[in-house]
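The first chain written gets the first letter, and so on, giving A, B, C, D and E; residue counts start at 1 in each chain.
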Amino acid sequence: MRHEPEFADDLSALRTHAFSYRSLTWWGIIAFMVIEGAFFALAMAAYFFLMAQEQEWAPRPWSPPDLLAGTLFTAVMLLSEVPNTMIKRAANAYDVAAVRKLLPVMSAIGLLLVIIRGFEFNSLNVFWYDNAYGSIIWALLFLHTTHIVTDWGDTLVLWQLMKTPHGEDPRRLVDTDENALYWRFVWLTWLPIYVLIYWVPRLFR
Amino acid sequence: MESLQHGPRQRRADRSRIPPPYPQDQGTDLGVKSWGPEQWKIGGGTVWGWLSYDPVLKLVYYGTSNPGPWNAEQRPGDNKWTAGVFARDVSTGQARWYYHSTPHDLFDHDDINETILVDWPGPNGQRIPAMLRPSRNGYFYVQDRRNGRILSADAYSFINAYKGVDLKTGRLIPAPEKEPKEGRVVRNICPGPPGAKDWNPSAFSPVTGLIYIPHLNICMDMGAKNANYIPGTPFVGADVKMYAGPGGNRGVFTAWDPVARRKVFEIKEDLPLWSPALATAGGLVFYGTMDGWFKAIDARSGKLLWQFKTGSGIIGQPISYRAPTGDSTSPCRRASAAGPERSSRPISTNAIRPPRSASSTQ
Amino acid sequence: MSLRFRNSTALLALAAALWGCNREERQTRGKPLGETATAAMPDTVYPGTGNAPAPDPRAAQYEGNASAIAQGQMLYNQMNCVGCHFHGGGGMGVALMDGKWRYGGRIDQIVASIDQGRPNGMPAWRHRLTEQQMWQLAAYVRTLSGQERKDAVSARADEVSNTPPQTQTKREPLMPADSDEQ
Amino acid sequence: MRREGLLALLCLSGCSGAQTAFGGQGAEDANFIQLFTVFMIVCTVMYLLVSAALIVAVWRRRRTAMVVEDCNHQATSGVVRPALIGWTALIAIGLTALTLVGFFTDRSNARNGSHPQLKLTVTANQWWWDVEYDWADVSKSVRTANEIHLPVGIPVEVTLKSNDVIHSFWIPNLAGKQDLIPGRRTDAQLLPRKTGLYRGQCAEFCGTQHAQMALDVTVESKADFEKWYGAQLQTAPVPKTPLQLAGYRYITTRECASCHNISGTSAGGQVAPDLTHFASRRSIAAGTLPMNTGNIYGWVADPQSQKPGNHMPTIGLKADDLHGIVAYLETLK
Amino acid sequence: MKSAAERAKLPPADVPRDGPNLTGEELETKLSTTWSNPPGFVGWLSSVDHKDIGRRYVITALVFLALAGVLAIAMRLQLARPDNDLIGAARYNEIFTMHGTTMMFLFAVPVMQGMQIYLTPLMIGTRSNAFPRLNAFSYWMYLAGGLLLWIAFVLNVGPDVGWFAYPPLSGPQFGVGKRVDIWAQMITFTEVAALAAAVSLTATILKQKAPGMSLARMPIFVWATLVTSLMVIFSMPSVALASGMLLSDRLVGTHFYNPAERGDALLWQHLFWFFGHPEVYIIFLPATGFVSEIVATFSRRSIVMYPIVVMSLVATGILAFGLWVHHMFATGLPRIGYSFYTAASMSVSIPTGLQIFCWIATLWEGRPQLKVPLLYVIGFIFTFVIGGLTGVMIAAVPLDLQLHDTYFIVAHFHYVLIGGAVFPLLGAITYWFPKATGRLMSETLGKIAFWMIFLGFQLAFFPMHIAGIYGMPRRVYTYPAGMGLELPNMLSTLGSLVVSTAVLLFVVNLVISARSGRRAAPNPWGAPSLEWATSCPPPPYNFPHIPLVSSRTPLWDAGEKLPVVHGLRVEDRELVLTTVMSAEPDVREPSPEPSPWPLIGTVATTAMFVCSIFSPWAVLVGVVPVALALTAWFWPKSPRLSGSL
């Protein structure tokens, strides 16, 4: 039997975009965060598993990674939360001009972080093919580097997008808000990795 | 060690009448019983390095080399008469006593180092005929050369491969966590295969009563694996990576007081010291380094008096003799390393075995 | 699907098939049954600037073949080559990771060196190894100086790490066989 | 529940197999059969309950059904909720009981293997087993390949290690399997209760010839074991006839000596099975072929056709070398 | 129709919207022009319609099922007689690896996700999946992974180390050549595809339920989809990390699995089985969703104790992550740990036991109609319970030490996978075939196929229990005579031939019915859920008006007139977002149009992945085209109101 429609209520008055958990792409971003979070959690579990196999962590004669580049990276990353929060607030307040001003700042910070990351890679004092310790240290840093580079790429694309008339569309502000949220996730995952790469090899010498 | 096709010439089952000093070495046919079946035939333990002779006791003292292969798992048991010291009667060749310094050797620690015969100040003033030996396993043995009993055995270099020498039983106390297992590398084993001091002899100075020991400070990662026995090929079965020990220097020149059993002074050298030492009556001590410096230092303080750059690394024995000019201070000549200069690794004409450079692995 | 599209995919599959199938081929038996043990090995060392003899037909079978190189790696450890040549760095034996080959760096020349032995301590392996094993060993030895294709080589062995991964060893230029320089 | 009853029920063809988990000749395997019986009973009861409920639910004819045609498809009769509670309780109790029974069986297995009087070390290689008997007096240790002799009634501890990939040491008639993992040391406990000839096999996929990596296990009386062990301690007999001498000369100087070891001769290879007492074994090449002259000829002439992909090369022997080798190998009792 | 630019500037009042004044034929023509694919082959490639993607997923998966089935027959023929030499050792190892890998990664998970992608929007009353382009990308990546594996197999470079590839056998020294690299890279493809589909399905279920369809009113199949998608999101990264580390071990010489440099071979087993066990539940839970839907429809009543069934689904999903070590009972880990995992493995069978109770109670309370889908459900219960009980048996350590890696385990997992997932799948295909094609499958052919599959299956796989107890290890290309294995293996081979002819019969039934089956009314089975409210096959926009839901069985309670909401734009793709818990209408979300960029993105990613097997630099070089393709994918086209995802 073919059902005849019985019209209940009219939805034409509903809005066409929304921030935070009311937006569809927000749930998409959260799902990707859960996936990458699971990835990092398992990589850290592998780190502790391999640590248990080794008699001494940062096995002699390999000395632990130098602190300078890593700590500088962490500092710049934490500082980047300031412009990041400003962008998030601007996006929520539909302040397109402020967003257009701040995005280049975030892109520049992203570039700076990628450069510092380059120095980090050769301050590890071990190669990935030296031993299991070197392999997992390089793996953790490489995983987070893909994380940083992808989000930096997103910020660059968003910056170019906001410069075009598409920037007026409120949905692009929802995208900016969610990109800022994802940036927060990027440096949240960096903190435990920073401890694992730079400090744990010093404690068990 | 190179394995020989028809088994080691040196060893044969001994029927020494006088029991060896410690229970671990007493028993019949230990040379066969302390090995797996037939393994004693391909077990190495030959003789090289330094011999000493005591005319009074008419005894010859010499050390035996490490058991083969390096992979200790392949040869269970104490692997008797390897890595130990024999005292034999010079006329009949019968063994008077034997001391097993490194039973079931794990790290190629032959015990062929020089044995210096001295008269040791005994407890109530009388003189004990003793022998001093800075062994490759890192312990400075002082033994009574009549019967091989240990008077003292202290580490003269950084050691974590062993826990010490039990003076009652004379047995070396192993460190289980440093025992290499097949298939899994064990890291940071000090001393490395060349030992705390390789074959280059130390020098005793009756003037200062100290022993001047030019030795190494090398540690290693060692991975054992199943070694295949093919006559004419190295029978090793171990992957070894050597590197500098604690302090980053690979060589140390130590002045050791055997009576006080402590280190008087030490000179840290970057490269491992494979050159023997020479102590002269004039209060000078000479030694050479791997990068060709021939150094003279003050016997008491260890201060560097002068040094002279030679053409190649020095592993030859510096000697001194009285020149015909009757001069009081005896000039000294040293035999630098002769032989072709090959990829910066000096091969001395009289070296039995080319030393391994720091980076190559076995 | 248009005719042209179907033809092009068929062609593509054929080309891909030729590329694929021999590089992973496991030839388990080196020599057909009944042939005499080891045919006399042509002496491929030639003095001065003489032209090199024609390459041995078996070379194509072993060069760049992943299973031959893997067998060669196992034999390199088992036959105690490591004892003298270490992992290519050389010790008592000559270094194998540089491009200097006094007796020739081609695969058949290396097989000749293994088969006949060489002065200064290289034992002759004739009758101690089968011909197939010698060819496999030679195939592996060539990877130590990066001569083989990178996709046929295994990055590391299940042993203590001693050299950078073999997939990244630079291809050493082969010095002419008669160069006097050490 | 008599074990024979269950055996009769379950084994379709002859079940006195040399390699079957229902052999029951080992202590752990006997425990396995009892535990398996308990699990079978409980599971069969549960299965019958479910099947009965399903069959009745589908084929019962009755008037009042709570269906959409009668517009009360939401209603459920009163019996459903208590039935669910009963069913859940039944499952929970059943599972707890099974877990406890399993736990106690595990403890009894551990007790059986707690005081081993015989120690073995089995090293797995790609596609053969290296067996060593370890004693306090190391000179009395014996090394053999692809076969194990055990005295009946003596608890045995087998230390397991591997030279290449992961294998699994499994003799179903005696005990469960344990993996041999490179870089690790695992151990297995055996307590044979009945004498007999059994067969074990590698149970973890280990490469091309995983299927032909078996080992022959002989459980015999203590006296027979001592006799066998004494024979294994001897070195290889000296060849007598000229044919055997030719074979001896070939083996100890040519390709064979690079891999195989024959104690008492200069052939000392450690990377292939020990041949000192080759002819005394029940099979060739890890259970691939039964031991007889024809098979020795077939194997030595062309091992790649019997076990393609294994590491023993086909040498392409000349006829008289082959005769000599086989003649000498047959003297290695 | 105005161009997109002008429409963007129109005042909201006079934008055409569906409603009482725009309904029926006129609305349907406008909506179909908005929601249908662009014309031609390029249009076919750039389709983002969940029905197209779902159909492609299921058809591709069934093709891989057939290919792997042929390999299964080859294996059975080789094992029919002892010491058989039909297939050599090396070739047999390749065949069983390809059979296992294809069945687990290229058939089981994708076919379930394909059905979920097809059915979820229809069952929750929306017009498309949440991220349609991501969905299209997911299918293309899955197809690329499958082609990579099978082209390699044809070129004699197929993997030969088992579908689980334990190092060191799969490591750089013993996994010779490129075989294992191709296997590991295929894992990366299928894992990206599964994760993309899972993200899209989760967002669809949480945000796009029809107004009124609160979580308590969702169909059970949609619950199963939600739980499975969350399990995919949490478990797939484990195998991705493990295969990534294996690839880096093999290509750039890291030491994760090299015990000599303090790596460990068991690290792989932990990571693989942490994914492995949830994966078999990712395959099983959607099947329970099918069973719940079929049992409700053919018992003519709603599922008994809906909350119990839903809680069982969620409990199974959570418990599945806690018992992976029961695959490693023989690796010599400490025994105390094993007893914990025995208890966990036993406890996971409780929720499944409850679900089976509820299904039987529903049949008990209702009036079952013995149509083909219900036959498959009954076959499922009879078969799966045997598999579940053997699972309980091997959860006990002493039993598992004898039965692990023998044919007893092969019998167990075929009972739970074929019995537990393929039977309900065949029932579901028969059940939803009319919705997808508009024609009914033939009942007689269906019944014959069912009985042949059911009996053939028992004949094929029950003797494997006996073979396992008689000491036949897994993955052996032959076995010696005289061990009592001849009879069980011969029976299994005969059984496998019966099953394969039955599957052939099922496919014939599919093909014939698609062309000349009886025409189907919108709701041929009188089912309660929303997908039967629209026509068969459903139009591109699924529902002319988004339905308003007020109970768990909307069509049974709606009587003649189905309450709907209206007011969505007609000339732009638009659907309604509702709140997560109570599904009140919240936002009118523009849905992205079809685009070729997901396919182009897949081609770029494939090039990067495949070339990275041969040189690690390909990863750095290959990233550029991938980044460009993704940028073009997200770049909004016309200045419309619609978003880009």
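Following the convention adopted for this analysis, a contact is a pair of C-beta atoms (placed from the backbone, for glycine too) under 8 Å apart; a residue touches a chain by one contact, two chains touch by 3 or more.
The structure displayed is predicted, hence computed values, not measured ones.
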Exercise. Which contact partners do chain B and chain E have in common?
Worked result: A, C, D
Problem set entry | Farthest chain relative to chain A (centres taken as mean CA coordinates) | B
Exercise. Computing the C-alpha centre of each chain, which chain sits at the greatest distance from chain E?
Worked result: B
Problem set entry | Pair of chains ranked first by number of touching C-beta pairs | D-E
Seminar exercise, completed: When centres are defined as mean Cα positions, the distance from chain A to chain D in whole Å is 51
For this session: List the centre-to-centre spacing of chain D and chain E in whole Å, with centres computed as mean CA coordinates.
Result: 37
Exercise. Taking each chain's centre as its mean C-alpha position, how far apart are chain C and chain D in Å?
Worked result: 39
For this session: Averaged over CA atoms, how far is the centre of chain A from the centre of chain C? Could you give it in whole Å?
Result: 47
Seminar exercise, completed: Note: chain D residues in touch with at least two other chains are 164, 182-184, 208, 257-259, 271, 308-309
For this session: Provide the list of chain C residues touching at least two other chains, using ranges where the numbers run on.
Result: 26, 78-79, 128, 155-156, 158-161, 164-165
For this session: Any chance you could list the residues of chain E touching two or more other chains?
Result: 90, 168, 173-174, 249, 252-253, 255, 258-262, 264
Exercise. Tell me, which pairs of chains are in touch?
Worked result: A-B, A-C, A-E, B-C, B-D, B-E, C-D, C-E, D-E
Problem set entry | Touching residues on chain C, where the partner in the complex is chain A | 155-156, 161, 164-165
Problem set entry | Residue ranges of chain E touching chain A (in the complex, touch as defined) | 12, 17, 19-20, 23, 130-131, 134, 195, 198-199, 202-203, 206-208, 233-234, 236-238, 240-241, 245, 248-249, 252-256, 258, 261-264, 267, 270-271, 274, 522-523, 533, 544-546, 548, 555, 558, 560-568, 576-577, 579-580, 585-590, 627, 631, 634-636, 639, 641, 643-645
Exercise. In their shared complex, at which residues does chain D touch chain B?
Worked result: 123, 134, 137-143, 161-163, 182-185, 233, 235, 257-259, 261, 263-264, 266, 268-271
Exercise. Taking the complex as given, what residues does chain A use to touch chain B?
Worked result: 54-56, 59-61, 131
Problem set entry | Residues of chain B that touch chain C when the two form their complex | 185, 221, 223, 225, 227-228, 230, 232-236, 239, 241, 354, 356, 359-362
